[in-house]
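Once you've had a glance at the structure underneath, I'll fire off some questions.
As written, the chains take the letters A, B, C, D, E, F, G, H, I and J, and residue 1 is the first residue of each chain.
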Amino acid sequence: MPDPALLEAFPTPTDSPFVIEHVSEEFTSVCPKTGHPDFGVITLRYVPAPGGVCVELKSLKLYYQSFRNEGIYYEAVTNRIRDDLVELMKPMWLQIITDWKGRGGIRSRIRAEHGDVPAEWRTR
Amino acid sequence: MPDPALLEAFPTPTDSPFVIEHVSEEFTSVCPKTGHPDFGVITLRYVPAPGGVCVELKSLKLYYQSFRNEGIYYEAVTNRIRDDLVELMKPMWLQIITDWKGRGGIRSRIRAEHGDVPAEWRTR
Amino acid sequence: MPDPALLEAFPTPTDSPFVIEHVSEEFTSVCPKTGHPDFGVITLRYVPAPGGVCVELKSLKLYYQSFRNEGIYYEAVTNRIRDDLVELMKPMWLQIITDWKGRGGIRSRIRAEHGDVPAEWRTR
Amino acid sequence: MPDPALLEAFPTPTDSPFVIEHVSEEFTSVCPKTGHPDFGVITLRYVPAPGGVCVELKSLKLYYQSFRNEGIYYEAVTNRIRDDLVELMKPMWLQIITDWKGRGGIRSRIRAEHGDVPAEWRTR
Amino acid sequence: MPDPALLEAFPTPTDSPFVIEHVSEEFTSVCPKTGHPDFGVITLRYVPAPGGVCVELKSLKLYYQSFRNEGIYYEAVTNRIRDDLVELMKPMWLQIITDWKGRGGIRSRIRAEHGDVPAEWRTR
Amino acid sequence: MPDPALLEAFPTPTDSPFVIEHVSEEFTSVCPKTGHPDFGVITLRYVPAPGGVCVELKSLKLYYQSFRNEGIYYEAVTNRIRDDLVELMKPMWLQIITDWKGRGGIRSRIRAEHGDVPAEWRTR
Amino acid sequence: MPDPALLEAFPTPTDSPFVIEHVSEEFTSVCPKTGHPDFGVITLRYVPAPGGVCVELKSLKLYYQSFRNEGIYYEAVTNRIRDDLVELMKPMWLQIITDWKGRGGIRSRIRAEHGDVPAEWRTR
Amino acid sequence: MPDPALLEAFPTPTDSPFVIEHVSEEFTSVCPKTGHPDFGVITLRYVPAPGGVCVELKSLKLYYQSFRNEGIYYEAVTNRIRDDLVELMKPMWLQIITDWKGRGGIRSRIRAEHGDVPAEWRTR
Amino acid sequence: MPDPALLEAFPTPTDSPFVIEHVSEEFTSVCPKTGHPDFGVITLRYVPAPGGVCVELKSLKLYYQSFRNEGIYYEAVTNRIRDDLVELMKPMWLQIITDWKGRGGIRSRIRAEHGDVPAEWRTR
Amino acid sequence: MPDPALLEAFPTPTDSPFVIEHVSEEFTSVCPKTGHPDFGVITLRYVPAPGGVCVELKSLKLYYQSFRNEGIYYEAVTNRIRDDLVELMKPMWLQIITDWKGRGGIRSRIRAEHGDVPAEWRTR
């Protein structure tokens, strides 16, 4: 069961804004309709708030693993992760991009955002 | 025969705008001139309207399959899919990009749009 | 309906053995169980018999197209094509290799052979 | 000899602007200086004028083939094709991009445009 | 829990030997030591016995899914799948190749075989 | 018109056997049936006879160019080049491999050989 | 121990602004938490100040090597290198992009900047 | 010794602005410090002035070859070529991008510009 | 300092021979001549002896890490690892393949073997 | 001028046969006919004689650099390097493979050997 309590944070090491990106290639959850597993790649990209916090990498891994046996749609996974990480970090801006392996010959990619994502990052 | 009645929708899970992309690598229709099959990749990209709907993935697959034995030109396929999906979802914006395998040594790509597609998405 | 009568042949242009390979990236048939389309790549490789015949390329394309709406399994497609082409050409040896796009996350490749295929060609 | 009379057009199927791209990987002409053949890839990209016309694909192929034995420089090919297609279609905008295989270790790419090509398309 | 009872078979469609290969890119189990998920690609390759059986594709998928929450080592997964499929099919020969994503910077590949695998297939 | 008189040779620089390979990515001829151009890649591989000769590279290019406007089938091109080069060089062994761009969705590769080509070179 | 005293500079050869990029694929430091080595690729991109200096390439290599046995986090490496190079060169603008191999299935990329980096460079 | 006198030009074939790009993958000079050879790829991109001239391709090759035994730094090569070609052509704008193979594990890319290069070309 | 005492083993899970391959992309040692770090990829491939043992993966990682600050040549690394792992496991056969990033523009690959490695594995 | 006196050797570190491969991607010489530079990749592969010697890597680089301004044909380069290295090392067997960038659209690869090269290495 997705568990945001697994997430931990540490203070940002600098006050100048900088972009952090973590790509997890080993995400899996379960399709609530068919019960078959879904496999995806989750990209998290954000700028920490000045004086704010960053998500700790190992805790992020455990949080992602907590979706393993959850029946949940692509769109809901994407927005859920966005919400949990925004709640944790209150970053300047944040993107979640989920890439899903094909089902029935169709690959999907979902993007959710928070805050004022600069135009040049929108399509990355 | 292309059948938009196959398309189903579900309510968007969030009111904040987010980008959804479905890539179907297994599209085929028939050239109305030569009777030979055409093979293409169809990319659908859109932002659902706030409080609006999203196309259901399996119904999208069946809708695409309904073009299998239809004699129809590249440009008409592209605009037809655009129109049917806009009719179904009334999204904030939507793109249909069709990539066609070579005929006579020429590969083709057609793009149709609806609504105010942001500049950074135009060439993606 | 698969129609071997579409196949045409022409005399081999030389008596010295040589290897001919035709790769069709646009094969489609229908899964007899689910009714969903299957998409594959068909590789034909053979050495014509001395004084024998070669399959004509355009007729091969039309023959492949005749599977378009046939409900037929991967293994049956592969063996059927092998049998029809052996019947037509009586080649020294012949291979049919079919590569199928993923279904449920599983990609498949089936190989059928005729005659004494040299060891070095077996795994190509 | 390049022959624009080979080009045919058909009415655009929709009044909303859409982008059409045809990539020909099998272009050849002759270097007027050395007499050796040149090999290139020609990309045509355009938006038909509302109520205007589109170039027909097979006629485009024949038009390109008419350069086969013409002695003509890279730059002249590019501008000539641009002019002939603008003359035929009067499109909203149009790009011709020619990519030439190496000569003496130098690969070349030439771009010619017509009309108000949007900035995001300039470098594609 | 790995469940060979999920596996189903169907009679081989031909008596001439032919090679069948199924590649599953969506395998996951759990490391019995760390409790972290493992992700792998499973390749099954075999020649059915004349008059024998082939594994049914959907049942193979369900069988692979039954490892999802099993704590089991790479080597044991590989040999277990080999044994279960040999038990089901009694094929002429069979290979199981498992490719595992990196752990601590080390990627692994394990191969188990049954019967007289021809030399040319050993390293494929 | 294919012109073997264009071919020139020079003495092999060593008596120990060595393998020479020339790959021409810019071959074009004409389909005798449709009149449309064919585009191919020609690989020549051979071991010169001890005390024998090697084909001169520039003369090989001109010889290949002499097929430019010839109506000739894939199989005939392949065997013709084999014969002309064997005539010129009398090598220990020689291979001609021609790879042709797709026509109607089918790519082709033809191989012709002369002399006792070692098994390990057969499928290269 | 990271040692900025290793860095050397030379006067910029021109007063017109130009972009310099150095990509080091052989960076390694140590994770302060686990003691395991981290491996990364460091991209430095900057425009020297008019009349200013450029970092000397060999000294940059030695400076990077001085992190070899330092226990230091990804974010700290990135900001530390940024600070040391800004201190050395006072450039018009500067970017440091660090790409880290996967740990626990998660790859990371961190970007730090100095000065007014043009928008078109932000996501490169 | 770099010799701009080798450069020749011809009149631009059209008054409408168009982009010309020449990529030379066979550039070599010598490191003035170590005496070891450097190997690079030189990209020239420019828009000729209306009524102006274009650099002739063979003369460009010879000009590049004149750096072969010159001891010269990356930055100096880049600015030198920029200056020589601007002097020759007085183009609307021009870019020189040099990509250098790794030295001590560090790859480098240097960009010099002339005139008002549009933003969309800056990072290409 | 390379420390074979770090290596641990576990009993092979089956008596039938099977091939195990571990690829470590994160190996580094130091050149004894220049003091500069070397970076390599180490491939270990072996068949455990029936009733014998397999190297434990985490202990292998720690063993590889023990070379981090050792001054040692490519050839010595390769043979040293071969000897230590043969000593530990007494396998049926074993290969060590080391791939080293370029130094002075030269990449190197060294292979050491133990026991009767089958011919088909020699060049893999 | 090619100078074998630059080559140095060191004793092989082990009596068991092992394969050493060095790939130099930065070779250049001059075409004796046209005076234009040639660029190639040189692969050296050998098994040192038991109790014999190995070529030292830096001396190999300097030896290759000594061809920089030599007018010499592809075949002669290949056989010359083979002879010089055999003279130096008297290895069990040795291969020299030279890959040359295209001239007039034709890429070339030449292989020279010494001693009893095992069949499985012949085509690598």
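As a working rule, contacts are C-beta pairs under 8 Å (C-beta built on N, C-alpha and C of every residue); 3 or more make two chains touch, one makes a residue touch a chain.
Worth saying up front: this structure is predicted, and the values here are computed from it rather than measured.
Student: For the interface formed by A-B, which of the candidate pairs A-G, G-I or E-G is equivalent, sharing more than half of the contact pairs by residue number?
Tutor: Matching more than half of the contact pairs of A-B: A-G.
Student: Would you say A-G or E-G is joined by more C-beta pairs in contact?
Tutor: So, comparing the two chain pairs, more contacts are at A-G.
Student: Measuring centre to centre with CA averages, how many angstrom lie between chain B and chain G?
Tutor: The answer is 44 Å.
Student: What's the distance between the Cα centroids of chain G and chain J, rounded to whole Å?
Tutor: 37
Student: Quick check on chain G: which residues sit in contact with 2+ other chains?
Tutor: 25-26, 36, 39, 101-102, 104-105, 119-120
Student: What residues of chain A sit close enough to touch chain G in their complex?
Tutor: Contact set of chain A toward chain G: 12-14, 16, 18-26, 54, 57-58, 60-61, 118-121, 124.
Student: Can you check the complex and tell me which residues of chain J touch chain F?
Tutor: 73, 75-76, 78-79, 102-114, 119-120, 122-123
Student: Going by the contact rule at the top, pick out the chain B residues touching chain C in the complex.
Tutor: Within the complex, chain B touches chain C at residues 25-26, 28, 36-37, 39, 65, 68-69, 101.
Student: Considering the complex alone, what residue numbers of chain G touch chain E?
Tutor: Spelled out, the residues of chain G in touch with chain E are 36, 39, 101-102, 104-105.
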